[in-house]
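Below: a set of structures, written as structure tokens.
In the two assemblies presented below, chain A is common to both, partnered first by chain B and then by chain C.
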Partner chain A sequence: MDVTCEVLGGGSHELELDADATYGDVLEAVGLSTQEASVLVDDSPVPEDRPVETDSVRVLRLIKGG
Partner chain B sequence: MQCDKCGSEAVMHAAYSGLHLCSKHFRRSVETRVRRRIRDDALLSDTATADDPEIWLIGLSGGKDSVVLTQLLEETFSEDPRVELVALTIHEGIEGYRDASLDACLELTDGLDIGHEVVSYAEEYDVEMDSVAEDDPEGMAPCAYCGVFRRDALSRYAEEYGADKLLTGHNLDDEAQTAMMNVLSGDVRQVAKHFDASLGGFDEREIDDAPFVPRAKPLRDVPEKEVALYAHLADLPVHMAECPHSDEAYRGEIQEMLYGLEEGHPGTRHSIMSGYEELARLAAEAYRGGEDSPHGTCDRCGAPTNNDICRKCELVDAVGGELPGDD
Partner chain C sequence: MTLELPNAHRMALVEHAREGAPEEVVGVLAGSHGEPSAVERTDRARNAAETPHTRYEIAPKAELVVLERIEAAGLDVVGFYHSHPRGPLEPSATDARLAAWPGYSYVIVSLADGGANLGSWRWRGGRFEREPIRE
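And then the complex of A and B:
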């Protein structure tokens, strides 16, 4: 399955994932831990253990400092 | 994936608890944890009354953590006459970065019923962090200078406003990193100090003789990612940029290590903090009354120190700054 992943502030990635990939696998494919980023589908966060059901996601990375 | 509480579409999965939560129940869960921490830490003293309220100073930077903390405290205590909230924003003189985050702070506090003060290193010490980072007269990371100035400014303003407590937005990841760094450094006195300075509940700390305004971290049970998610779902004004001078290499290593542990063993951060807090309490009891805490005051500014001149005054001199009393 082909998925376009836009990491906010970190560029866009074209990913080839297994058919049963989860949103956690999307994070892994762009080198991020599930502890440091959230996946957004249509601007809404999705659980990392949910199977990917879209061809385009955005990734919100943690920004240090608060 | 449905919410385990109501069956609506889940927005998150907390591997450490196994729960899937929808937006509404996730936000409620964060709010519950913060309010429980405030209660468990006995943050609001029994002696606070409507006639003699406690003043809580909130360190508000405009980043996700302090914005969520400020919003939750205001929602919880705005109708409570026993508490007065004041947000304090410090402008370090970091062009672009802090100007934008100050805008986020102002946007937040404009809509809230709390006081908001802004102070700058330029006014306080006649220095700006951009120049300090460039000159670096002491050969240190920029955060080492900035941390000393920030602690001084927060403490001084806490005293000026008569604040009873200073609250900061440190989250579970921040605290677990600090705990690991203290343990790995082998510095048990530092662990003990951590307990009395900010970690222990107010009913367990020894703070009577401490020269500093006591601190607390009401978000310290909430993972960093959940704080960010809360800010996003509540549509809070958050400044999303990293400080250009940020350079905490060792903390970054610990953070990566904890991400790896948490991935393989969900709940690691919670268990680190649970054990560390108990060890810190025991260490604090063992070390209290020792020679370690500052017994004197700085000849120049009056801040607590064991030396003639405090570290902040040394650094202000080193970077060519001035204190208000210098002229």
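And then the complex of A and C:
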């Protein structure tokens, strides 16, 4: 499965993922963890354990700390 | 490695921190990103953390709105700021554990001991490196 992944503020990636890949796998493919970033589909965050069902996603690196 | 932060923006960050105390406040710095980075605008955001006295977080949808607003203005994201209402100026272990923007500036406003001090650090993907702030 080919997926275009735009990391906001960090460039675009063309990913080749397994057919059963999850959105968590998308993050791993661009070197980010679920703690650091969230995948957006149609501008809404999607759970990292959900199977990828689109050919284009955006990744938002989170802004948080303490 | 320097962060150029005009005095008016510096004062705006302190004012935001004081308004929000005792909770932490958070926002995004926009302008020209590089070496050095220059701040031309500051965007306040709502702290969506479950425990805002000790944590800060911008909700993903709100963050998306801010980032798109900055891009539409033809500016770069320069970094982020948050406050430590009672804590020290330095980044906390939580700050380091959750930082996700390598090469970007993380400004902290500390209100400890009744004062208002600012410091800036670049996230180097594993550690924070302090950078000077100049007007």
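Here is the rule we go by: the second predicted complex is superposed on the first by the 63 of 66 C-alpha atoms of A that agree within 3 Å, B and C clash if a C-alpha of one lies under 4 Å from a C-alpha of the other, contacts with A are read in each partner's own complex, and residues count from 1 in each chain.
Here is the rule we go by: contacts are C-beta pairs under 8 Å (C-beta built on N, C-alpha and C of every residue); 3 or more make two chains touch, one makes a residue touch a chain.
Please read these numbers as outputs of a predicted model, since none were measured by experiment.
In the overlay built on the shared chain, the residue A:57 is in contact with neither chain B nor chain C. When the two structures are aligned on the shared chain, A:48 is found in touch with chain B, with no touch to chain C.
Once chain A of one complex is fitted onto chain A of the other, the partner contacts of A:7 are absent, as it touches neither chain B nor chain C. In the superposed pair of complexes, A:34 makes contact with chain B only, with no contact to chain C. When the two complexes are overlaid on their common chain A, residue A:26 makes contact with neither chain B nor chain C. On chain A, the patch touched by chain B and the patch touched by chain C overlap at residues 8-9, 35-38, 44-45, 60, 62-66.
Residue ranges on chain B touching chain A, taken from their complex, read 1, 10-13, 15, 20, 61, 63-67, 169-171, 173, 223-225, 227-229, 232-233, 240-243, 246, 258-260, 262-263. Chain C makes touch with chain A in their complex at residues 24, 26, 28, 45, 49, 54-58, 60-61, 63-64, 67, 77, 80, 82, 91-95, 97-101, 106. Interface residues of chain A, counted against chain C in their complex, comprise 8-9, 32, 35-38, 40, 43-45, 60-66.
For chain A in complex with chain B, the touching residues are 8-9, 33-38, 44-50, 60, 62-66.
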